[in-house]
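Should a chain be cited, it is by its letter among A, B, C and D, assigned in written order, with residues numbered from 1 in that chain.
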Amino acid sequence: MQLRNKKLDMDTFLSERTEVMTSWPTGKDVDFEEGVLYQLSLPESKRFSSALAAADREGRTLRQPRAGVALVDEHIKLLQFLEDTCDLLPSTIDAYTRLNHYEKAAEGIARSTAAGTSLLNGFPAVNHGLNECRRVVESLTKPVQVRHGTPDARLLAEITLAAGFTAYEGGGISYNIPYAKKVPLDRSLRHWQYCDRLVGLYEERGVRINREPFGPLSGTLVPPFVSHCVALIEGLLALEQGCKCITLGYGQAGNLVQDIAAIRSLRELAHEYFQAAGYTDYQLSTVFHQWMGGFPENEAMAFSVICSGAAAAALAGATKVIVKTPHEASGVPTKEANKQGLEATTQMLNMVREQIFPMSPTLDQEIELIKREVRSVLAKVFELGEGDLAQGTVRAVAAGVLDVPFAPASCNAGKLLPVRDNVGAVRIFEPGRVPLPDDVLTFHRDRVSERARAEKREASSQMVVDDIYAISKSRLIGRPR
Amino acid sequence: MQLRNKKLDMDTFLSERTEVMTSWPTGKDVDFEEGVLYQLSLPESKRFSSALAAADREGRTLRQPRAGVALVDEHIKLLQFLEDTCDLLPSTIDAYTRLNHYEKAAEGIARSTAAGTSLLNGFPAVNHGLNECRRVVESLTKPVQVRHGTPDARLLAEITLAAGFTAYEGGGISYNIPYAKKVPLDRSLRHWQYCDRLVGLYEERGVRINREPFGPLSGTLVPPFVSHCVALIEGLLALEQGCKCITLGYGQAGNLVQDIAAIRSLRELAHEYFQAAGYTDYQLSTVFHQWMGGFPENEAMAFSVICSGAAAAALAGATKVIVKTPHEASGVPTKEANKQGLEATTQMLNMVREQIFPMSPTLDQEIELIKREVRSVLAKVFELGEGDLAQGTVRAVAAGVLDVPFAPASCNAGKLLPVRDNVGAVRIFEPGRVPLPDDVLTFHRDRVSERARAEKREASSQMVVDDIYAISKSRLIGRPR
Amino acid sequence: MSETNVILGVIGSDCHAVGNKIIDTVLTGEGFRVTNLGVMVSQDEFIDAAIEVGAGAILVSSIYGHGEIDCAGFRGRCIERGLEDIVLYVGGNLVIGKRDFSEVETLFKDMGYDRVFPPTVDIKSVAQSLRQDIAARQ
Amino acid sequence: MSETNVILGVIGSDCHAVGNKIIDTVLTGEGFRVTNLGVMVSQDEFIDAAIEVGAGAILVSSIYGHGEIDCAGFRGRCIERGLEDIVLYVGGNLVIGKRDFSEVETLFKDMGYDRVFPPTVDIKSVAQSLRQDIAARQ
């Protein structure tokens, strides 16, 4: 069957479901109707969508960590340890599960049990199965989201949603291009239609599940319009399958004006595109990811990176912020370091939340720039799809119209090269085949030239590499020393 | 002799000097001419004024910690430990020396030697004397400033300047009203004329010593115009005695727009007043103090407060920033904590320094507000002094025209009560007898009322108390819970 | 001697005025008659005031880290001057550097202070202890 | 066998692509002929490529913390498949959590890796070691 952006019909969904549920033994424990009843039995305090709605109403930015370990009891202890210092909980899934390597995950669980410490970088929810996942939800008082990076996340969705998780991260583009090497894009899009349809089915039974496309993509100098295009497409694809509660994301770039413009334009563009596509009955929120690139090893310096992200999130008015830790440079943090990241973020949010970043011509210009870039690229995506967004997306990625910098997926062109300008905003050094208006390209070129002149060197791929490592070396911009 | 803002004549200075130099035995080692030669022998890398000039030229914000311990070798080790992570060094003087209690300082030195750890909260430079102070300067590669809080700092100045310190903090108002209880203001102003004249004499011999009035005053919700008035007066008094290199200071209030407006207005007002008074040959710079009020005990949260100050300093374009530590809530920090404060600050400065906080009507309005407040108060000061600034200052403080909130000095009226508005800017709740234009008072009243409405309570002294403790309790604004 | 008369002040050469004003406000609100000597108060000034008003307690603050020096010998001086039973409290950042509070508490209790408080203590809870301790000494 | 042929890749289920691209660029710039297998490379894929191009070294990256699992047994597998003398490097965030690097180094050296690098290593210095180690094995 050809991929179309059209709500999956029940026959298709159900016959596919049989196959999904038998792909690993724990699938057999899931009963959708029983899952609906379980979700309906949860108190509102555990519902992600309710927390997001309240935060948006009150103008607050919610705090969410990343956290996941191999064993259930340890995972519960970890989340309980963090619960007081955050508003929303995660269960970060391990990298084997993300690639449906459940045998390897089982090995990781066994070795972790033997070692007495987690040897997996996340929580292998599929292996643990329905009842163990419910034990996680029941041990906590706050809403829990599944955060992962899974191109085929159908079984994971079936198990975790029936288990009472009330939010699900990911999307067919955002959990393929930055997370996989050889998964065809049409396949991951199709698999995420399944996930979205499942969320839609819950919605139809009165169970609201929050859906969050993964905003930061490769986390490496991604220009706002690139991640915005992906977020908007995944939002539209999710809405088509009946999802109603959408959180669109963006990863901190580091220039405050650009970061604020990004979150504001993202929200406005979402309403623009969702409503143009005929959707009116949806709940929209935004998520700001603290810096996703390399961190300094020095923990005091890492706190600064965390704080800069917390401040930007609050000033931008994001609904929630995903929090880093002072151990970021060393990989998976201890629970204490995780909490410290949340504490630093809490303090900064509390000191900034009532403040208003003033509107100014500079900020307006940045918002307008992002909007024009997005409209230009998405127009081409719709054109390539001859009206079908799913087909358009596959063709746009193949054509390099949608192009994520520094992503591992072989379907991604990787021709677009970003670089910082002289004030640290992420601009385009080499546009590849991304269709942008001439004056926009000129603007980017001028900004990059301005920096090159200031540094008395040509803009080059060396400049890009310098920028990639700059923050970990205590600079925003990778200037020559 | 009546206090006048007039350069001290040499006879007066020299007869007073004899008395100063015999007030404690270490005074006898100082020879001004030899001190000049010693200062002239220092490399430019140790000259404070040169570092400030370079930073201002390059648009950088320099980092300076606070640090001082009882014993010389330990003090040297402490500063050497910090030296790599900062641009400018301090020697923070202990509280006994600040009150000329040299006997008590001697006891503190003895007890510290016995205890093997510093029992003093700073470096007792007078007791250690000229040669030991020179050993400090000679053990370091960067410029060193004397930072203290001394109403009568004449002997301290004689010893430390002859010893090669190249910057001297303080002033007759800013080192009296927040630091003393019963020292008459005319006396401290007169003693600081001596210090300024001494700096002027060095200047006349080709030795530039930086002079920095202490900006934050009581460090507790001080409205920008209050500290600006004091800074401008002390700047003018110093210029009259022949000082040429002036750094005016301001302590972070916590609202980003207000903090940026404060530093920008301070610089502009300084040029306005200095030039109106006929001074043209001076070097002006600014210093931004990270939050001087109560800190959270939690160190991760303390890092956030530090980072917010570092970001504001860089965005405001201050020439230097005085850095706090994650141990702030517990008093004097370990050297490791001190360095961590500098590291966090370094990272934030490096991530923010190239960014430009956009000009906007909101920022313009805040700058203009501060300027009008300062002009209104200073006009009254000049009027009260019948043209003499020193006399005007004494009378203005007595009359409550100059009024520092929460200061211990009995000469201070303490009638002005500040409070935060609904976006966290420090406004006036109770103006006392400070002469401000009616529309400015209305503006403050309206802003405070807006907050009171939002909190559904009357503005009151309880609201002020809530604000004083808010940041230590992880809030900018002391809202009811 | 009234059980609600207390003496308040910041000892030694310490000029931290803000907390002192707040403690005064809270204790007054809790019904104590507070004689607030403000900042930079010597041991003898505390004792003079306590004798003058017949205070049941002296509350010593020290924020700047010189507590170890400034507070030493205060209990002995109180006894010398006839205040055998007076309740002695001390609180603030009492020592130089970040040290374990239990260690600091022991240090100052050994000096003869009845209770020792960190700077973060809730003043209302101090008021409660104070009422009990003064009553117990009557 | 050319002494400058090296195999580069990110092992296991790890999709971190950025560092891999940079290492490729730097080593190529330093004169190595780099066969870059990119991310998500299995032990056998590394070995297949090393045999195919006659590589002097295999450079294994692991960023996501599963290094302890993914990298185990690699030296044995190399020997089984006839690559007795190949230089084996490993680097990245090799274990879960912040652990002392010397401990991690010992762990991976015991697994048979010739050198172990933290994520912050300067790639040019790696290139220098690599040249020496390959030469020594000839």
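We take it that contacts are C-beta pairs under 8 Å (C-beta built on N, C-alpha and C of every residue); 3 or more make two chains touch, one makes a residue touch a chain.
For reference, the UniProt names are A, B = Glutamate mutase epsilon subunit; C, D = Glutamate mutase sigma subunit.
Because the structure is predicted, anything quoted here is derived from the model rather than measured.
Enquirer: Using the average of all C-alpha atoms in each chain as its centre, how far is it in Å between chain B and chain D?
Expert: 55
Enquirer: Roughly how many whole angstrom separate the Cα centroids of chain A and chain B?
Expert: 45
Enquirer: Averaging only over C-alpha atoms, locate the centres of chain A and chain D and give their separation in whole Å.
Expert: 30
Enquirer: For chain D, which residues are shared contacts with two or more other chains?
Expert: none
Enquirer: Is the chain-to-chain touch network here best called a line, a ring, a star, complete, or other?
Expert: Shape = line; chains linked end to end, path left open.
Enquirer: Which chains touch which?
Expert: So the chains that touch one another pair up as A-B, A-D, B-C.
Enquirer: Over in the complex, which chain D residues touch chain A? Could you list them?
Expert: 12-18, 21-22, 25, 38-40, 63-66, 68-69, 93, 95-98, 119-120
Enquirer: Over in the complex, which chain A residues touch chain D? Could you list them?
Expert: 95-96, 98-99, 101, 104, 107-108, 111, 117-121, 149, 178-181, 218, 220, 297, 327, 329-334, 337, 406-408, 461, 465, 468-469, 472
Enquirer: Report the residues of chain B in contact with chain A in the complex, numbered from low to high.
Expert: Contacts found on chain B: 254-257, 296, 298-305, 307-308, 310-311, 326, 339-341, 343-348, 350-352, 354-363, 422-424, 471, 474-477.
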